[in-house]
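Two complexes, one shared chain (subunit A), two partners (subunit B, subunit C).
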Partner chain A sequence: MSAVREGARQVMAWLHGWTGLLLGWVLFVMCFAGTLSVFKPEIGRWMRPEAAATAEPVAAIAAAGNWLSRNAPDATGWYLSVPDRRMNTVEASYDSGGAFLYRALDPVSGAPVARETLGGEFFYRLHFELELPFPWGRMLASLAAAFMLVALITGIIAHRRIFRDFFTFRTGKGQRSWLDGHNALGVLALPFHLMITFTGLITLASLSMPWGISAAYGDDVAAMYREQIPGIAERAATGVKAPLAPLAPMLHEAQRRFGGAAVGRVYVINPGDSAAVVTVYRADSGQIGYTPAEISFDGATGRVLAAWTEKRPAIQTYNVLYGLHMGRFAPSLTRWLYFLGGAMLTLAIATGLVLWIVKRRERAPLSLANRVLERLNAGVLAGVPLGCIAYLLANRLLPLDMVDRSAGEVSAALWTAGIALAIGAVLPSRLAWPLLLGLVAAGCAIAPLFVPLGQGDAAILIGNLMLLGVAAALLPLVWRQIRRPSVPVSRRTARVPA
Partner chain B sequence: MIAAGLLYLGLFALAAGMSRHAPALLGPWHAPHRVARLPRAGRTLILVSLAAAVMTPDWSRALVAWFGLAPLAAGIVLLSLTFAPRLARVSVVFAIALAVVGLAMALAGAGAAA
Partner chain C sequence: MASGAQSGRRGWRYRSNVAARVVTGSLGAYAVAALLAIALARTLPMARVEAVTVATLLAFLAAPAVTIWAFLARGPWRAVAGVVVVALPLAAIAWMAGSPV
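Right after this comes the complex of A and B.
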């Protein structure tokens, strides 16, 4: 191999290491939360065991509309998701008295169900907003995704034997094993990794690369949305009160125009105003492309204001990329494959971060900066899952009638993750890893106990089984770490070369 | 299903075609002249599997699923190579059965439609 080629490879390896390291923990959080978001509706069902009622989509939306017109008449908008086979409740986002609320509404009564929780929405928001205020969370997520794309491409170039090592995983060899694992996780699902990173960047492109939009539309972003989604009818509130016309006939009309396809979302803008607009979106589960069709009604009369079925190739391309990322089109098998791909990417990031330390530890005693990284690794890589388990446990343990209950669950998650980070920083990593992973395993083992096996619907059963599975997978790992606590500084010299 | 079965067979053949893995995967059958032909067979099987996925009526979703099945199948080969090579060989039987059942169902579906 020529010196130039080898030099280029080294540069790529350097870039791969640094792009992976700098925002590696952010990427870990994003991928972990994103992987869980594949099952956002199912997590919601797991977290609301009391909400078992089901109703026809049209009846459920009508019930939600009734409850909201009594309890949130002054909202600037109600954003409702229509129940389907995966989710039995109506997920409603709306503002009330200046605060933005998220509630799961019972499909029969329309009132919020017991056990107020964000459900899977927490992981979904964490995935691209990182619990940071707008727009910083999304900006950071965008930047991290760009780093991810660079890390993926440089990783491919830096990999010496991408095909020869395709099926290779050598255990018990220190750095070699970590590298094999990292490579296998990255290479085997490489098409998925590239797809999900690129489409993820696309979903935030209007924020990270706004110049095209500002060149074409200036500050008039509303004009851009009008052209992108022509089926929404935008108009200002008049301030004159007018009751909202019944939603059911509008939904039936929309379904007729969609050719019988299911309705996915219903947005009611300025409800209770004479200029209210009801926009009905076709379900995203019917095809890969996102937002395939929408129709807007005059809220007071139920008259059609605008209707649009997306046929423009450029927008459709964008919608397909967006839809590929969201994965809402996916039938159940494909959803599990999305979950698998996401889990592999999450583990690839985690192994990459561990590898950074293992590689340096085997050559020489770690520098101060690398010792900090080593401790941060334990705190973040085990602390984030621990925070998520705390979120699930808080869902089961907090009193049902607690004020601001859903915020309490999120606080439990963030505080736990923060404490885990502190433990990781204080304890040496050979103690922090088994302690934190042991806590994750214990949490996963305890969480299913609150709704015993055999009780509740399929989502609860499968969720419980998965938690037990994670606990069962982690226990041998923790056991191994406890039995062999001291990692030799240089394994390479301690072992017979293979 | 056809696609999934063939995909596994293709990846298995690719792995078995590598001199490093051939003894573990093929056991007594790993004669050099057979091993030499396996990579081409593996590539062909993977392409046929991709074609089988794209030829379904719902080709767009099948294509996405195909790209998801690839890491699953390759992961099974890799993990069993490391921990239990027998499992990879046993899975070949399952993969053939999957492809045959899938083919039978496709033919039955075509027969019912005709």
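Right after this comes the complex of A and C.
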């Protein structure tokens, strides 16, 4: 017996179960989408096979600025991400006639590329906004992250033999196997799980824990942001029109001041106004810390308004924690480890949710509430991946000239997930699981078939191989469920004479 | 829970024990974290944006610690009392430091 008394361990196990269960499906969606977001640029490339053009970053931003000047001059802001080795297009967010748009712009022509899609941005937004309106999605995500943190800590305390369990896997033993799997997934990447949960929690700190800010700044939150990111020059639009000065010289100047480091984002606030401001951010890929340096230019003249390189220890600590969560610094091996860690956390959550039911099913007939949970499990745990596959398939199948095409892709995802939830609710779980997982496998197997011929770079190839890999991994699982359709009954209950 | 588990999981004693700890471990933990953020944001000897940042980061470490403690304390009243004992001085510091605005 170790330092923790047995009663305390039971309490921690109880708390682990409840904090994991209550927002478990929300956490599953967040971790699933977050894991995919690791490859957000590559998913974008997979979903835009026609957009193969490449250009130097400065030329690409200049082209994007030219196109936006002609097509979105009245926007309150253009928010551009600069192409790099992972992403060839300029990702642009801007408002037009009251609507907020997200477009991938061709790096040569500056115009939106064919096959209008949100690409990886859908998963990225789903990860922390959950398709809910502001601020509720982010609030729910913050609450779920807090639950996750408590579930991780209680899971560690409740755990008797972290090291030994790590090497333990007993197959075909119902509850014991699920528990072994859950433990291995949780323990193997435990430092990653703790890091990603805590850093995720603090990314939304200004929303979930605003009390320090309001204690020091009162209602003037804008003052906090000015002090936090001093390289942003904030000023109101004058209403007087003035053409935007060329962006290329500003980018060159920024790059010179960044010591040659790459430019990551370019924000143009009030373009076309005489008080327009162009803020250039150093790329997040060069170091762990997020927002390491930024510089603002007068949009009409190109004159430098403000410049800042972050050196304050507290802010840098926050930026490093933020950057650790975003993982943009990660070179390719680290990026795959992020993906792997995320996948393991997603599976730990899924196995934990299944375990809740399996454990209770082996002891006694399930209560009504647990039967509802059992069916929701199938609907959510298989339905969310199915919705994501539908999103990818819609990307390949919807007509290229469709109006609001990117919204159509999202609708396909949401409707499919909703139908999967309904199937999970209607069918007994021994039928719903193989049906839904079979559909996921089929979708993964079909999606790679629609590559437009002659167009295919590394992102498309690797994406297709991963989809086929998921299909191949799911097949034996589905096959087993079809061959043994009955719910696996534990030996203990099976041996008891009726 | 720790001491109530033996007496069954249905009685009002067990339920009020759990309820007290759940409220303490959730709302109480958040209150302690928020008060810590306010107190530190107003008193740390550094530029105010840095003080706010440090205060907020530490608040996120304090909250789960209070949650765990609320469930490990020997009795529900000790859990509640513990949170009050921590929260009161933090509130006093925050109030005495006053708003710098």
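The definition used in the following text is that the second predicted complex is superposed on the first by the 480 of 498 C-alpha atoms of A that agree within 3 Å, B and C clash if a C-alpha of one lies under 4 Å from a C-alpha of the other, contacts with A are read in each partner's own complex, and residues count from 1 in each chain.
Keep this in mind: contacts are C-beta pairs under 8 Å (C-beta built on N, C-alpha and C of every residue); 3 or more make two chains touch, one makes a residue touch a chain.
All values derive from a computational prediction rather than experimental measurement.
Trainee: Superposed on subunit A, are subunit B and subunit C clashing or fitting side by side?
Mentor: They fit: once the shared chain is superposed, the two partners occupy separate space.
Trainee: Give one of first, second, both or neither to describe whether A:A445 is in contact with subunit B, with subunit C, with both, or with none.
Mentor: The answer is neither, since A:A445 touches no partner chain.
Trainee: Considering only the touch criterion stated at the top, classify A:M139 as touching first (subunit B), second (subunit C), both, or neither.
Mentor: So A:M139 meets neither subunit B nor subunit C here.
Trainee: Would you sort A:G7 into first (subunit B), second (subunit C), both or neither based on which partner it touches?
Mentor: A:G7: touches subunit C, not subunit B.
Trainee: Return the chain, subunit B or subunit C, that is in touch with more residues of subunit A.
Mentor: With both complexes superposed on chain A, more residues of subunit A are touched by C.
Trainee: For A:M195, select first, second, both or neither according to whether it touches subunit B, subunit C, the two together, or no partner.
Mentor: A:M195 sits against subunit B, while subunit C stays out of touch.
Trainee: Applying the touch criterion given at the start, work out whether A:A111 contacts subunit B, subunit C, both or neither, answering first, second, both or neither.
Mentor: It touches nothing on subunit B or subunit C.
Trainee: One more residue to check, A:A343. First (subunit B), second (subunit C), both or neither?
Mentor: neither
Trainee: Of all C-alpha distances between subunit B and subunit C after superposition, which is the least, in Å?
Mentor: In this superposition, no C-alpha atom of subunit B lies closer than 20 Å to one of subunit C.
Trainee: Which residues form the common part of the subunit A surface touched by subunit B and by subunit C?
Mentor: Looking at subunit A, the two contact sets are disjoint.
Trainee: Touching subunit A in the complex: which residues of subunit B?
Mentor: Answer in residue numbers: 14-15, 18, 20-21, 60-61, 64-65, 67-72, 74-75, 77-79, 81-82.
Trainee: Please name which positions on subunit A make contact with subunit B in the complex.
Mentor: 164, 166-171, 184, 188-189, 191-192, 195, 287-288, 324, 329-331, 333-334, 337-338, 340-341, 344
Trainee: So in the complex, the part of subunit A that touches subunit C is made up of which residues?
Mentor: 7-8, 10-12, 14-15, 146, 149-150, 153-154, 157, 198, 201-202, 205, 209, 211-213, 215-218, 220, 224, 227-228, 312-315, 317-318, 321
Trainee: Of all residues in subunit C, which touch subunit A in the complex?
Mentor: Residues 1-3, 5, 25, 33-35, 37-38, 40-42, 46-57, 59-60, 63-64, 67-68, 71-72, 94, 99-101.
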